[in-house]
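Paired with subunit B in one complex and with subunit C in the other, subunit A is shared by the two complexes that follow.
The block that comes next holds the complex of A and B.
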């Protein structure tokens, strides 16, 4: 039984107030209350008097790291709160030289799993008063009722196989580290099932998915691996992919994005979560993760490392007999 | 609107035989930007090239498409043609309608259709071409030769003769290579040492040649004209400036080990020169076998050395040297015939390889030239020579012909008969003698020296008393043959030098499936590699005999001389270029560049609000870049472009072919 996010809220506010007051950061990226208690939203504060608007609760799923790109050319540091999964995204941005680690103050949030606000909202518990970690479940007490929600049912999928509960390399850690074990092993059975489908059936499946795409680019905008200064889909000349809503263009967009992110995806699942058309984008990424694991023997392709699986030329280890 | 001229080549009947030239011309005339179309029997010939130049002037062409053979064949030819008419040489595109079309498509209708497609691709692409300029770089007027065998020695002498300094790096203690091990050389039977050692001495005395024996190339950086090479000078433990080569040290050394130079037939000491004519005639201490290095006691050599040259605490030394060109002359190794268990090599002492026989018959060898068989020292009367041991055998050995074995086997048969009146039985698959005087030499072995040639393979060799019974088949007579021999010589294959692939990776040159280095073009660029400034000489490229090796060494030397005599070098402009405006500076291109041509740098720019910021971007070293394009693929934004093959070009080609 770990502390919940809410237990760290006061400590976070104190820390941010201190950092803003002594001038060590010029702004802080965190969460604020959204339309209800199940949907916190990203918030950026720059003055100590705004800090009390920052919240932390067990629904704080949103990965905030992409907002750092708005500040890379500013003087001074930005503060940010990151969970284990977000820390991988931050690692991606740092490895790609898009964010200078020295210009970020990282507040780490140890995480035993984030409740899926979409699911919990439907239970009609009303405004949430308190969330308590009961080990295998979260007790959510609302003003219209309370319920014990088994983690395996009410957490986001990625939390179940998460092996990065504690953000690595944080400047300040809220509370103490939590036990770092996956609730269940990483499961690729849905991907295997897709692979086994006859190709016509599989094509029909993906056509069904991609035909819904409205090219809003939310998936790209939230993705920490999609961090190019100028996205290839925004470049007018040469125009690789047209920007009309047309199946072939939509497919081209998604395939190209999948390949650009292959071997670089941190498995945060944000692309799929933010997709307004509910396209199962993580199935594409997880297929590529599975391939990287199987073909390159890298068991954790979603952890950014010094040497990237798909970003190297090591002729001495080339299994080909001749180049 | 461009004015593109399309020149369709017949290549005699090579193209015109399976591609309808008239149809290709008619289709080309209708393509966008095409102002002029012409066909020629041989576009690469003088009148063909003159026709292009004439059309450029008269028709005011600003772009040229040549529909002919592979660009690897004549792109440079036509670039010169176009350049000669005043156009930028890079405003040219080749449509390969020979290798990619007429040669592979017997169906004329389909072949013609494809030829039209290929021409359209080139027409679309050439419209996007922009003039490119060659840059010039300085040249370090100094050559490096890796390998001090006959190839390396010859190349060094030729380059030094032209007045240019050259360094020879040799991994063994002496230059000389395999040729120093041989007794006589075919087809003239002059003594190998008599023709080699004077060259070795010349090399040692030449002011322009620096010999670095007992040394190896560790690292190669840089590019044509400007290589930086790290050479490991292995600890010799002998001060070569003091040593006079008197030989007292090795006569006093108590550690006897088998000699690599004599292929284990003879012995040497732990402090040794590999052979009496070695150059330099200065010994090395073999740390693995030296008693002092093993036990900490002995130092006999040091005690007796009259000049105080011996030092046990010498360490390997790394030196960094600059060169303008490199010749790789690392030679070959003899294949170990152990996989042929049926021949009993390694099991029967009297089954030896061809190279071992060379040491046995060599006057400076361990038996002083007496052909004593290894088991009991008796002179053999009947000798079986088995050809193609390893060669031309994909199952157990190597797929290729080692080229020298037919001739050296004939030589062995002649020497055996001449020296000790021994009779040779030569088992062969084919006798291949395509060289000047070679067929005559083989005839001499059979007719004057009575060697018995049996067409067939030996299936088994076994010991019977002090004889080796060779069971085989005479496939011409269709009969089984059994020969009782006193000595069996296996004409073992020539294979790549140990570590050939590793050196290739260090140098950044390519090699084939047999680990022989690959020439840039089998016919037209046989001594160049695909890496500019690196050349090949001798058997490191494939099996070769001495005359061929010497000829190739001379050819490689002449390439180096011409390279080093230029005041400046022109670089190829088809290199990667960064669009800094959109580059994110993620540097995914850096680790994937095989030529280490990419690094990061910081650019300053003013952003909205008038503020100046600094951000990282990729930077290409145009001299190192070979234009392979790996970086352009790794770049997600498309900020990386290979000039002449930009994203725009590729899209234009795709449009031409698919729309």
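The block that comes next holds the complex of A and C.
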């Protein structure tokens, strides 16, 4: 029976108001209400009068850390609220030397799982009045109905196998730490099934997925591991990768991106969640995670560490004879 | 004259159209309904509020070859003309309305876009009135409605287990009298008009929340408002809004040459991209998200209306549903009215 995110909303607003007023931060990256109760959106506030627009609720899934890149060339600190999974994204940006930890005030949000707004919105509960943590379920009370939603069915998939419920190294923690146990083991069965598919069938599966891509780059733009100073896909001269919309270019884009974040992906799942064409991008990432786990013996490639699996070269251990 | 067609006869008609020309229709694939070329009526999905992508994909494709050139001492140019006839089925009223807005930009004035013009000429639009508008739809805010048929060559309205039909252009009458011969029956005029009226008056709940009245004028003196600074901070800089929008029409031209032979093609571009207005030499007059976000909404709600006397938005709601950060036109309209009301 943990506190819900909403229980911390008042404390968050107080904290942000204090930080903005005393000048410790010049802006804060948090959440605001979206088009309904189920789709909170990012909000970046810079003045104390905007702070009451900040919300926290159990649908606050968006990983906000990528916004920090908008402020790296400015003086002063930015504040940001991070869940456990978001802290991994922040770790990615810090380890990649893109964000200076000293320029961020991290407000940590212990998390017992985030409700999947897409799923819950379909239940017709109306405007959400209250969410209560009942242990294995969240009770969602709306103005048109209430329902107890089992966590195993209504949380985002990544929350089920999450082992990072508490954001590490926060400057301020909202409430107290929650129990840090995965609800079920990390599950690669869908990836194994894809691996076992005859290659023609697997090619057909991915062809269908990538042919939907509209090259909006939402996946890249939200990804904390996609943090290059200039992305190869944005360089017009020379144009390394074509910008026409055809399958080969779409595949080139997604394969390049997947390989570039291999071993660096923090498993936040944001690429797949923001994709307007619902391309299952995490299947690519999770295949690479599985490979890194199996081939390099790193059980947690999604946790940024000092030594990255694919970011090192040990000549004496390299099995490649040619080298 | 109002007609009716049974669901089975409509399937026969669509099968014929798919055989004789390129038929584009809504297809459900991996949970996403979008317009796609189909080979048979059986592939078509009919249970959708609107398609994820719009008819724009087929009148103004995301990438399009324009001309081939050879430079072996002299220059020879061969224009690539889109000549294939296509029929688009299941086009919703908002998208029909969007075609009229695109026409103004691409076919009127001093220069016409010959490729767009050719595709328009070779395309038959079969509209389908909306039975259940999505909770992101707000076409009524702009004066359109779930039965709005302007722009359709043939308009269909589901009526129980059959469809009310109306041919609205010569192209539409050719479909009804040609491949459709024997498949349509005359409708009872009064009953048919009642069906049309019911669609025209169908409720669009979100439309009631979005009041666009006078927004073009409110934006006249809004260019330098702090609002653009505040609202643009959350923009992700992706192209989702512009690419799913049925009325965004910016593109970039590229020449690709190898040896003495080359191809000129165009691709959609997005004013949300950082390099959209980047000049040769590196200067960018829209250096931050503030200028880019402002441009998109000023274009739709102020610049275009000043020039063409209508908004460059039909309330299809795609940006409302798909913008990853909820920075959509309905929200901006509400916000600007709020800021102005408190000013």
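We adopt the following convention: the second predicted complex is superposed on the first by the 318 of 323 C-alpha atoms of A that agree within 3 Å, B and C clash if a C-alpha of one lies under 4 Å from a C-alpha of the other, contacts with A are read in each partner's own complex, and residues count from 1 in each chain.
Operating definition for what follows: a residue touches a chain if its C-beta (ideal position, glycine included) is under 8 Å from a C-beta of that chain, and two chains touch if they have at least 3 such contacts.
The shown structure was predicted, so the numbers you read here are calculated from the model rather than taken from an experiment.
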With everything superposed onto subunit A, say whether subunit B and subunit C fit together or clash. fit
Is A:122 contacted by the first partner subunit B, the second partner subunit C, both or neither? neither
Please work out whether A:216 is in contact with subunit B alone, subunit C alone, both, or neither, and reply first, second, both or neither. second
After the superposition on A, what does A:232 contact: first (subunit B), second (subunit C), both or neither? first
Under the stated touch criterion, which partner chain does A:43 make contact with: subunit B (first), subunit C (second), both, or neither? second
Using the superposition on chain A described above, determine whether A:274 touches subunit B (first), subunit C (second), both, or neither. second
After lining up the shared chain so the two structures overlap, which partner does A:101 touch, if you call subunit B first and subunit C second: first, second, both or neither? neither
For A:307, is the partner it touches subunit B (first), subunit C (second), both, or none of the two (neither)? first
Of the two partner chains, subunit B (first) and subunit C (second), which one does A:245 touch, if any: first, second, both, or neither? second
Report the partner of subunit A that touches more of its residues: subunit B or subunit C. C
Of the partners subunit B and subunit C, which touch A:130 in the superposed model: first, second, both, neither? neither
Smallest separation in Å between any Cα of subunit B and any Cα of subunit C in the superposed model? 7
In the complex, go through subunit B and note every residue touching subunit A. 501-502, 504-505, 510-513, 515, 518, 581-588, 591-594, 600, 607, 611, 613, 615-616, 630, 634, 636-639, 647-648, 651
Which of the residues in subunit A come into contact with subunit C in the complex? 27, 34-36, 39, 41-44, 46, 50, 62, 67, 70, 208-209, 212, 214-218, 220-222, 234, 236, 239, 243-246, 274, 276-278, 280
Under the stated contact criterion, what part of subunit A meets subunit B in this complex? 72-73, 96-98, 227-232, 235, 237-238, 240, 260, 307-308, 311-313, 315-316, 321-323
In the complex with subunit A, residue positions of subunit C that touch it: 29-32, 34, 52-53, 61-63, 135-136, 230, 233-234, 236-240, 243-244, 252, 254, 265, 267-268, 270, 273-275, 278, 289, 320, 322, 324-328, 331
